[in-house]
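Report on the structure given below.
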Amino acid sequence: MDELGIGLIGTGFMGRAHALAFRSAGAVFELPVRLHLAALADADAQRGEHCAGAWGFAQAHRDWQDLIADPRVNLVAITTPNHLHFPMAMAALAAGKAVYCEKPLAVSVEQARQMHHAAQAAGVVTRVGYNYQHNPVIAQARDMIGNGELGQLVSFQGEFSEDFMADPDAPWSWRCEPQHAGGALADLGSHLLAMARFLMGPVQAVCADTQTVHLQRPTEAGSQERRAIAVDDQAHALLRFANGARGTLSSSWIKHGYKNHLSFEISGTLGTLAYDQERLNELRLYRVGQKGFQRLLAGPALPGYAAFSPAPGHQLGYNELKTLEVHELIMALCGQGRDGTDFAEAWEVERLAAAIRTAAAEQRWVAL
Amino acid sequence: MDELGIGLIGTGFMGRAHALAFRSAGAVFELPVRLHLAALADADAQRGEHCAGAWGFAQAHRDWQDLIADPRVNLVAITTPNHLHFPMAMAALAAGKAVYCEKPLAVSVEQARQMHHAAQAAGVVTRVGYNYQHNPVIAQARDMIGNGELGQLVSFQGEFSEDFMADPDAPWSWRCEPQHAGGALADLGSHLLAMARFLMGPVQAVCADTQTVHLQRPTEAGSQERRAIAVDDQAHALLRFANGARGTLSSSWIKHGYKNHLSFEISGTLGTLAYDQERLNELRLYRVGQKGFQRLLAGPALPGYAAFSPAPGHQLGYNELKTLEVHELIMALCGQGRDGTDFAEAWEVERLAAAIRTAAAEQRWVAL
Amino acid sequence: MDELGIGLIGTGFMGRAHALAFRSAGAVFELPVRLHLAALADADAQRGEHCAGAWGFAQAHRDWQDLIADPRVNLVAITTPNHLHFPMAMAALAAGKAVYCEKPLAVSVEQARQMHHAAQAAGVVTRVGYNYQHNPVIAQARDMIGNGELGQLVSFQGEFSEDFMADPDAPWSWRCEPQHAGGALADLGSHLLAMARFLMGPVQAVCADTQTVHLQRPTEAGSQERRAIAVDDQAHALLRFANGARGTLSSSWIKHGYKNHLSFEISGTLGTLAYDQERLNELRLYRVGQKGFQRLLAGPALPGYAAFSPAPGHQLGYNELKTLEVHELIMALCGQGRDGTDFAEAWEVERLAAAIRTAAAEQRWVAL
Amino acid sequence: MDELGIGLIGTGFMGRAHALAFRSAGAVFELPVRLHLAALADADAQRGEHCAGAWGFAQAHRDWQDLIADPRVNLVAITTPNHLHFPMAMAALAAGKAVYCEKPLAVSVEQARQMHHAAQAAGVVTRVGYNYQHNPVIAQARDMIGNGELGQLVSFQGEFSEDFMADPDAPWSWRCEPQHAGGALADLGSHLLAMARFLMGPVQAVCADTQTVHLQRPTEAGSQERRAIAVDDQAHALLRFANGARGTLSSSWIKHGYKNHLSFEISGTLGTLAYDQERLNELRLYRVGQKGFQRLLAGPALPGYAAFSPAPGHQLGYNELKTLEVHELIMALCGQGRDGTDFAEAWEVERLAAAIRTAAAEQRWVAL
């Protein structure tokens, strides 16, 4: 394969993030294949044309089915609202195309299970956009854990909090609908669950508590009319990992002051490691024998960083994590991939989130 | 009452901390009564004499019963190992003396209940040494919450972690015995539970998970002989507060890198407040309308601080929190007290800790 | 003008950073003109071809003069070693092309003066790559200052320290040559001087002290042979600004622990503002009436940020500052520019750096 | 000597700080001598009596001369306004008493010189209250420097900023008078100069810039009448140390947001050390081979800390630095002292401050 044809469905924020990543990947990395931005799809034909022009795609389709059928498209990237992931991914898999789907994989565990099985059957490369895992400092964290630098893992404290729904007058949106995978746990917490599994491995049992604090929200910004809300504003959980470690998880979209606070502390018998996505180029590390926590700034010694800058302290941004994700995906498509988050793994994340919801609903421990 | 006679039982680290606080209180504050360091008690007569001399106590008793019986002693301060709190406090209450007991109140809920009832019956002032509550920034936090500055409380994330038992070769001590109120939850977590109740009010239900990571420890430092350990190295819990807030608690004495990490984040509908005992002169505060978290340094506008320094940023130390605790106690003895942590409140803390232990043992939610 | 032809000279780290920025600009921003990556130039023809392919340039020239002469090139971007900026920029100006030159503008004040005058005579748009100024939080800082939110400016403390030359065995390179604008002051300090002028305005007088700590360095990595070093390892200065403010400047490339520590504190009669390039998405701000410093995270309310992400806390990286710089440049080329750092301004930065060198050499205050 | 008689002149904030320190020293430390709080002096007899009672002094003198003459007084502690240090210390020295004088030593270099010579002639122990040096983390810093752990010292960046005069309506006080050692440099900067000498050794040359920003202030709080101000609001300087290191100093009492910001960074060929008095229980340390800065919390391994607490992270307060200072003083009086800041050293600090004033006034480098 000399050239890889990219087809992008969706032109919102995440659509553009994908486009930027595909545009940059070839200049940042030495890729084993040339990328061809073959097509994008948007139901709004005018917007589709405009974005294709601005973002460098060869063609715009109005109908996503046409994009999937397009023979120049080898890889289908899906960045549409959550409830569309299932039909689009299933169609792409049926067409034998590789699929790169935004998170969450689906809006139900059952959908996720079917997608996972369809991907297995199709035998194609799949990836789901848990892009925070591609941060070089997270790769470093995983390597350190894998190398035993923290010893036997003992605890995990994780939190993903933001405050974009903290205002009780923040209006209803599809994110407030369970059938669209709404709520703090699904919207934010799933990133944290994926991260927990990425770094700590499987979870064996959970107990949890979820809560809707603002029971009604305006139907739209400024409206007097209010609509009942059925999804969680915050979720808390206890986690038991298969490796024996224990821990807690918190996820909230109403915690004032936080903007992107995906954070964790992982402790083992030889040290402690801490991370906060609001400072995504840093780790805090303590190892036995040190006098105190070290602040580690990202630098070219870390996996992936050097492709962006030869000097430490020059920092990567959120969008560049997407470029790293695309790179990993392309390497996988060329048979040189590492262990990316594929549909099988994303299904496990959905199972875990579902177990947390069950534990909260039934107020009991749930085994996985 | 012109003069208040102080009797101190115990001359270890906490005994000296009490002595320092009683020595300083009269110079730091304008007290309504003169303090007389009447007596201390130590089973080691020589040490008792030495400490009495160095710390300014008029007399040393070898037998703590003699100290309680001493007519010049109005207030009995108990700083002995945990299992002695019960007999000493019960005797002091029986003698009609005020009691100032180090935390934890007792080594079982039943003991704590009896002490609480005995204090009620005696009608004397009692206090338990949860000195972190007397930190001016904690008083500020409580005032802010009470004034509604955070709005309706929504969440609490609390952690008290240290690493003094992180080394698997840290030897057995009485802190490793359940019957001495040992383990991370009792030793550290109880401070956090007291703090949670102080700031958030009562807890209605808990679910929890506790774990002994290092199942054996040397019988003493350097020994090859090992002894089975029955107490928790770490505890995690979900909390439901009576005010509707939800949250998590973690307590560990094996979390590398932390030395005094009693920390919490309290979030409400109008803001978020955060604290870490490793920087005890600071709060982090975000309120609706701010652009980001503020760092608040302690200063003379806060309750108690001005007695130590007229200037902000000059910082109080751990021992000075004890002086503030002694001040509050003396004011209470003079009928001018605020709501200190008395035996009734300390018993509630013990009940809460016991509920967490039950929840962990039975792997289910426990209501209080 | 429908299309703007970009010609890029140099394919090193900065060349690629330019390429990435030009590739991304059209997808990140709605540009008033289409960008055409017309040509790049590299003396190594094979590397030129390779980069042109990977980065999406239509053609590669071996000879930079051919690139300047190329009629499809409207804008010449210069990313070669410092001593080549002069001949290349002068040639481009002579050809009536717009010029985008990496910092420093030149290797002597005299060169810089000529380049400034040539640009004036040519009447074209010029820009110099002081990309840190395009950081949205820096734009915010400048706006705040301009709006008087800090009151009358009183002080500036600035530092740019890194440690890439801290090892005495870090070898000689062209950065160690005065005639290549080497040394900590020229290499790092010039960024800080540009920033100081950008935020504070002109400097009227300086006094300074420079020092070469490691007087000899290996001729190349690992070599036993050593070469005398004539440039400064660290520079310190006192600054008097035209607006009345006073301050200090430090620049070092041997200060252990720092990787990209361009930092400053600006204080006025109404507040204080602080920044550290090692956390480039944050400001620390104190304004009269606040209780403490606020941490401001970059977000979509800031100039330029929203083009990258609709959500706060998602962070931009170093390379994305370059995209912002390219955007500003293109807007200027389309007649919609703000006050970018052109050759006139870059010449002022060089004059200021030269005054600091004179002050240090003659151990006296020097007026500008 | 079995007993050391303490005489304290002054009952303001610093007087009480001394009293607290003398009261605590014997309980915190095992002292080689018993302390007797023999007498205090206050011109207000009623206040003198009250303080003597509350602070435990045996007697109150109305006349400080009587206190100096009191045969039970061996050590005279001077905590009065700056202009009284000279007559009181000279009288105490003339009487052969040891002297413990608050900083600054005097209100002129000439006075300081005379006091230094008088102390030499008297042959008694003297100490000046630069208490920040007695912070265990500062002792650690000094030890590290002395042990060569930072290598050859290269740079010093020091700042002492507060904001208590930032409000232009903060009224005139004696601190605004040059003849009372007023101004930011004398009031705050002298602490920093003492610290610089304590850690870095002598300064050989300085260049400086001082500025009065608010040229008039109300005669008293709320007054419409304004008075011209002759002292500096901020001072900046370049420093050349005898050991070859170079650096900067800033001192301001109008820098918004800072409350006690005595901070420094010391860099050597093997590492960098940083400190901020607003977090007085911490150091930041980077040494060659580390991945990033470590945060070191004070703990019992540091000189002096263990006397206050057996556990790390329990933090000392400002007043406890005074107890450490008193301890060092008493050990010196018992012939077991280390190198405290005596009159000879305090005179050097005054000389250095005077050189900075001269350098600023004459806008030139001044050698010491």
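Labels A, B, C and D are assigned to the chains in the order they are written; within every chain, residues are numbered from 1.
In the analysis below, a residue touches a chain if its C-beta (ideal position, glycine included) is under 8 Å from a C-beta of that chain, and two chains touch if they have at least 3 such contacts.
Every value quoted in this text rests on a predicted model; they were computed, and no experiment measured them.
Ranked by how far their CA centres sit from the centre of chain C, the chains are topped by B. Per the C-alpha superposition, chain A sits rotated 180 degrees relative to chain D, a value rounded to a multiple of 5. Across the two candidate interfaces, A-C and B-C, the one carrying more C-beta contacts is A-C.
Taking each chain's centre as the average of its CA atoms, chain B and chain C sit 54 Å apart. In whole angstrom, the spacing between the mean C-alpha positions of chain A and chain B is 42. Here the CA centre of chain A is 34 Å from the CA centre of chain C. Within chain A, contacts with two or more other chains are made by residues 258, 290, 292-293, 297.
Contact residues on chain B toward chain D in their complex (touch as defined above): 13, 16, 19-20, 23-24, 26-28, 30, 54-56, 162, 164, 258-261, 277-281, 297, 299, 308-320. Note for the complex: chain D touches chain A at residues 285, 290-297. Of all residues in chain D, those touching chain C in their complex are 154-155, 157, 159, 166-168, 207-209, 211, 213, 233-234, 236-238, 240, 246-248, 250, 252, 254-258, 265, 267-272, 286-288, 290, 292-293, 363-365.
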